[in-house]
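Structures incoming, each one as C-alpha cells.
In the two complexes below, subunit A is the common chain; its partner is subunit B in one and subunit C in the other.
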Partner chain A sequence: MAEIIQLTVSGVAMGVIYALAALSIALIYTAGGVVNFCQGGLVMLGGYFAFTVLTAWRLPYPLALVVMMAIMGGIGLVFQRLVYYPLRYAHRLMFIIAGIGMSVFLENIVQIVWGPAPLVVRPMLTMSTLNIGGVFLEPQAVAIVVVTGAILLFEHYFLRHTMVGKMTQAVAQDKDAASLMGINVGRMIAITFLNSTILAGIAGVLIAPVFYVSVGIGSILLKAFSACVVGGFGNASGTILGGLIVGLTEAFGARYFSPQYRDAWSFVLLIVFLLFRPQGIFRERISEKA
Partner chain B sequence: MVKRLVYVGVLLLLIALPLAVTSKYLIQLINTALVFLIIVTGMNYVIGFSGQISLAATAFWGIGAYTSALLTTTGGISFWLALPVAATFATLSGFVIGFPTLKLKQFYLGIATVGFGEIVALILLNWTALTNGADGVPGIPKPAIGSYVFDTDYRFYHILLVAAVLLLLLSVRIKNSRFGRGLLAICEDELAAEVMGVPTHWYKMMAFALSAFYGGAAGSLYGHLIGFISPDLFVFRQSIVFLCMFMIGGSGYIAGPVIGAILLTLLPEWMRFLKGYYMAIYGLAVVVLAIGMPTGIMGLAERYLPRLYPWLEPDAEAPATLAQGRAEEA
Partner chain C sequence: MKRWIGLLLVLLCLAGGMAVFPAFAAEWTPVDSFLIGVVNHMTGPLALTGELRKRGHELAAEEVNSSGGVAGLPIKLVYEDDQGTNPGAVAGTRKLLAQQPVVAFIIERSTMVNAVHPIIQQEKVPTLFGATAWSISSELKNPWFFRMRVDDRATAAIMAKFLVEELKKTKVAALYAADVFGEGGNKETAAYLKEKYNLTPVNSQKYTSGTKDYTAQLLAIKSSGADAIYAWGTNSEDNAIILRQFKQLGLNMDFIGSAAYASAISLDLAGDNANGIYSVYDFAFEDTRPQLQAWIKAYRAKYKEDPDFWNLYTYDIVKLVADAAKRAGIVRKEGDRFVQMPLPEARAALAKALRETKGFAGAQGDYSADEYQNMIHNLAVVKIDNRKAKMVKVIKLK
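Right after this comes the complex of A and B.
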C-alpha cells in the first residue's frame, strides 16, 4: 500500500510537469494554429537557466524564479518574432520543420555554453525525505505539485478573468472575428508565446533537481505530446489530466513491468489513443478552425 | 532524346567512377552518400510530395539494418534474400505507425514518428537477446554473386549505384503517375484533393510505406557495406541530418535529395574545423531554410538558372513542390 502511494506521488509529480509542458504546447496550438516541436528544447533551456540562476548566481529560489521567468519570456518573444512570425502564412509543415531545427540548435548550443556534463541544481526544499506513516515522500515531489497547482490556478485566472487573457482566448477561437473586435491578433499571439515559453521554463526549473540538467530533458517533448493527445489536443484542462495519466502510467509501468522501457510508456499511450480515441478524453474545444 | 543520351552518358561515367577515385577514404564517403541518398529520396514521398511530416527515417534505416544483419549473421540467409525481407519488414512497421496517424491532422504523424524513433532506439539498445544490445552486431557478411565477393568499397559501390538508380527511377515514375499527382494535390489542399476523388488516407499511407521501404533497403545495404552496426548509429539526431539534407537539396524535386545527400556527406569532411559545432549549424540551417529557402538548392536553380534546371531535374515540366507558401487551413 505504502508503495502504491509513493508511486502515485512520484507519478503525479512527473505528471504535473508533463502537464505544464503540454499546456505550453496547447496554448500555442490554439492561438497560432501550429504545433511547436521546439517546446522540449525550451523546457531544457529552462533547466539550464535554473542552473545559472540557482547554482552559478546563488540567488534565493523566489528571486531566481522571477529572473528565470523574465529570461524565458524574452526568449519566447524572440522565438515568436524570428520563427513563428515569418512563417505565419507559410505551409504548416514549415513551422514544424523550423521547430525541429530550432530544438536541435538549442540542444547543441547549451552544450557549448554550459558544457556537455550534466549539471546539478539544488531542490526547492532542502529537507530530508519525509516519512509519513511508512510512506516516504520526496520533498521536491511535494514542492512540484504545490508550485504547479499554483501556476495552473494563475493560468486559469489569467485566461478566464483578465482582459488580456480573454483577448488571447478570442484570438484562439476566431482570428478574424477577434480582429474585427479591435483585438491586435499579432500581439495576442506574441503574448501567448511569451506565456507558453515561461510555462516551459518553469517545467524545466521543476524538473532540474529531479534529474540532472542535461540535453536529455528535451525528450519531455514526447511525453508532453502524449499528454496533449490523451487529454484532447488544444484542450487546456484535458492536457492537465493527460499529463497526470502519462506520469502515473510511467511510474507504475516502470515499477511493475520494466524500468528500461520507462520512456516507452508515453508512446504506448500515444498510439493506443491515436488508434481508439484520437480526439482525446475531452474533444478539442475549438474543432476545425478556419 | 538528347537528355536521355546525356543521362546514359552520366550513368556510364558513374559506373566507371571507381577507376578515377584512388583514395579509399573518398570511395567510402561516396558509398555513404549513396545510402543516405536512398533514405532522403524516400523522405521525399512523405514530406516533399504529400506534405506530411515524418521523423522516422532513422528508425526505418535502423530496422532495415538490424533485420538484414541478424538474418545474415544468426539466420545464415543470403544477402540477396535478406535485403528484400529487411525492406519489407520496415515497410510493414511503416504501415503500423502510418495507419492510425495519417487519418488525423498533419502533425500527428510527426508526433508519432518522434515516439517511434525513440522506441526503436530503446529496443535496439535493451532487447539484448535479439539485438546484442550496446555491443552491436559485428561480422555482417559481404554479398557475393557466385565466387565474386563484393568485399571492398570499390566493389560495393556498384551494388549501391544500381540500388540508388533503380530507386530514383521509381521515384520519377511515381511522381509522374496518378498516385504521385494525387500526393501533390494532398499537399496543396487535402480537402480539395479528397473532393476530387483522391483516396487521401490510402495515398498518404502508401507514401509513408514507400519511404519506410527506401529506409529499410538503405539500412540493409548500409549494414553490409560497413560490416558492423550498433544502436548508437540509429539515434534521433541522425533524423535531423537527413532532414537537413532534404531541405538543402530541395523538397519535392527528384534531384533535391541527390544534391542534399551528396553535399552534406562530403561537406562535413571539408569543414572539419567546425568540429563540435556542426550539429548546432545543421539545426540552425534547417530553421533558416524553412523560413528563407523552403525549396532549397533546386528551388533556386528553377528560379535563377532556367537553362540548367531542365538538365538537373529529370521531370522538369511537372510541378515540383508544394511547400511553397499559401496560408491554408487544416
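Right after this comes the complex of A and C.
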C-alpha cells in the first residue's frame, strides 16, 4: 500500500508539471490556432533564469518568482513579436518550423551563456524528506503540487472571471467576431503569449531543483503535448487532467510493466487517444475553429 | 571516329596519371603539424563531458609540443562535433577523415565506437577511445581500435568482487542504463557473480538515459530485499537524480557505481546524497604515482579545479599517440622542413607502434597493449566522503 501511495505521489508531482506546461501550450493553441514547439525550450529557459535569480543573485523565493515572471513575460512578448507575429497569416506549418528552430537556438544559446554543465538550483523548501507511514515525500514535490495548484486556480479565475481573460477567450473562439466587438486581437494574442511563457517559466523554476538545469529539461514538451491531447486540446481543465493522467500512467507503468520504457507511456497514451478519442477527455469548448 | 579517338586518348591519360600518382603518393609529404582527429561532443546534451575530454587532450598537446612535439613537429588536434548522437558521430567521422589527413583518430562512447566501426575498418586509421563496453573487443575485433580505459568485463569483476568479498553482500540488485555501456556492464557483472559466487541479482532494473524519475526502479529494488546495488550509468544528471532518490526513498543498502558516479560533475550535482557510495573509478587522488600527481597539479594550475576521469584518459591518449608516433618514425626532418610518411603507411606504422607499446608511463598507469589492444590495466575503488572520492584501494589487473 505504501508503495502505491508513493507512486501516486510521484505521478501527481510529475503530472502537475506536465499540466502546467500543457496549459501553456493550450493557451497559445486556442489563441493563435498553432502549437508552439518552442514551449519546451521556454521551460528550459525558465530553469536557467531560475538558477540566475536563485543561485547567482540569491533572491528569496517569493521575490525570485516575481522577477522570473517579469523576465519570462518579457521574453514571451518578444517571442510573440519576433516569431509568431510575422507568421500569423502564414501556413501553420511555418510557425511549427519556426518554433522548432527557436527551440534549437535556445538549447545552444543557454550553453553559451550558462555553460554546458548542469546547474543546481536550491529547492523551495529546504527541510529533509518527510516520512509519513513509510511514504517518503520530497518537500519540493509538495511545493510543486501546491504552487502549481495555486497557479492553475489563478488561471481559471483569470480566464473566466476577468475582462482581459474573457477577451482572450473571445479571441480564441473567433478572432473576426472579437475584432468586430472592438477587442484588440493583436494585443490579446500578445497577452496570451505572455501568459503562456510565464507558465512555462514557472514550470522551469519548479522542476529545476528536482531535475537540475540542463538542456534536457526541454524534453518535457512531448509529455506536455501528450497531456494536451489526452485532456483535450483547447480545454484548460482537460489539459490539467491530462497532465495528471500522463504522470500517473508513467509512474505506475514504469513500476509494474516496464521501467525502461517509462517515457514511452506518455506516447502510448497519445496514440491510444488519437486512435479512439482524438478530441480528448474534454473536447474543445468551441465546436468549430475557423 | 574522331570522338572515339579523343575518348581513347583521355582514358590513356587518366590511366597514365593513375599509374604515376601512386608513385607521387608514396613520397613523404611536407607537413607543418602532426594531425590527430577528434570527434567529440561539442554541442548537445553531452557537451559538458565533451568539454572535459577536450581539456585532457589540450593539456597533453600543450605539454607534448612544449617538449618538442613528435620529432620536433607540433601536434595539432582537429575537432568535429558529434552533437552527442550516433548519427552525429558517423557524420563527423566521415567528414573529418575525408577532409583531414589525420594520422590518429579519437572518438568516445561505446555506442559511438560501434557506430563508426565500419568506417574505421575501411579507412584503416588507428582509433583510440575510452569506451569500455567489452563487446567492442569480443565482437567487433577491429584491429584499428585501441582502448584507453579498463574494459567493463574487468571493471565488472572488480565491482562484483568488492561487493561480495569486501562488503559481504549476497543479495545484490542491478540498476543500469539501457545503452551499450549499461547493458554490457550489467551483463558482465551478473556473469561474474554467477560464475565466481553462484549469485544471481535479486532484482534487475534498467532505465533510459535522460529519464528524470527513478522512483519505479528504486521502489522495485527496495521491495526485493536487496542489501546492495551495483549501478552502471554514464550520464551525470541521471546518476545524481538516482542518488538523490536513493536517499529520499529510504533505501538503506550499499551502493557501488561505475566510474561516472564518482566524477566531479556527478558529485557536484548529487551533493551530500553521494556520501557513502562506492565507485570503481579510474584513479584515486591519494595515489602517489608521480605521473598522476604531475597531471593533477598541471590540470589544477590550468583549469583552477580538480580533474576527473573524463580528462585523465584523454590526456594519456594524446601522450601515448605522440610517443608511438616517435617510436614509429612517422615524421622526420629534411633540411628546414618536416616530412611525414604517406598517410596509409603512417597510420599502419602508428598502429603497429601502439600494438607494441609496453610500459608507457601515463598518468593513469603503465600502458601496455594486450591481445585485445586494451592499453591500461589498473583501477581504483573509491568511497565518497564529504562529496569527495576517497581511495579505498588501487587494483592492478596485470
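Quick notes
As a working rule, the second predicted complex is superposed on the first by the 289 of 290 C-alpha atoms of A that agree within 3 Å, B and C clash if a C-alpha of one lies under 4 Å from a C-alpha of the other, contacts with A are read in each partner's own complex, and residues count from 1 in each chain.
FYI, contacts are C-beta pairs under 8 Å (C-beta built on N, C-alpha and C of every residue); 3 or more make two chains touch, one makes a residue touch a chain.
Everything numeric in this text was worked out from a predicted model, so none of it was measured.
Once subunit A is used to superpose the two complexes, subunit B occupies space that clashes with subunit C.
In the superposition on chain A, A:Ala251 contacts subunit C only, with no contact to subunit B.
The wider contact with subunit A, measured as residues touched, comes from B rather than the other of subunit B and subunit C. Touch criterion met: A:Ser103 reaches subunit B, while subunit C stays clear of it. Using the contact criterion defined above for the overlaid structures, shared-chain residue A:Phe136 touches subunit C, although it does not reach subunit B. Of the two partner chains placed by the overlay, only subunit B lies in contact with A:Ile271; subunit C stays clear of it.
Residue contacts after overlaying the shared chain place A:Pro118 against subunit C, while subunit B stays out of touching range.
In the superposed model, A:Thr126 makes contact with neither subunit B nor subunit C.
After superposition on chain A, the stretch of subunit C whose C-alpha atoms clash with subunit B is 79-87, while the remaining options among 61-69, 79-87, 187-195 or 367-375 stay clear.
When the two complexes are laid over each other on chain A, subunit A has residues 108, 111, 219, 260-261, 263 in contact with both subunit B and subunit C.
Residues of subunit B that touch subunit A in their complex: 47, 51-53, 55, 100-101, 103-104, 106-108, 110-112, 114-116, 118-119, 122, 126, 187, 237, 240, 243-244, 247, 276-277, 279-280, 282-287, 289-291, 294, 322-330. Subunit C meets subunit A in the complex at residues 43-45, 47-48, 50-51, 178, 205-208, 210-213, 215-217, 219-220, 223, 236-237, 240-241, 247-250, 265, 268-269, 271.
For subunit A in complex with subunit B, the touching residues are 33, 35, 37, 83, 86-98, 100-109, 111-112, 219, 221-222, 225-226, 229, 260-261, 263-264, 266-267, 270-271, 274-275, 278, 288-290. Only residues 3, 6-7, 10, 14, 108, 111, 115-118, 120, 129, 131, 136, 138, 207, 210-212, 214-216, 219, 250-251, 254-255, 259-263 of subunit A touch subunit C when the two sit together in their complex.
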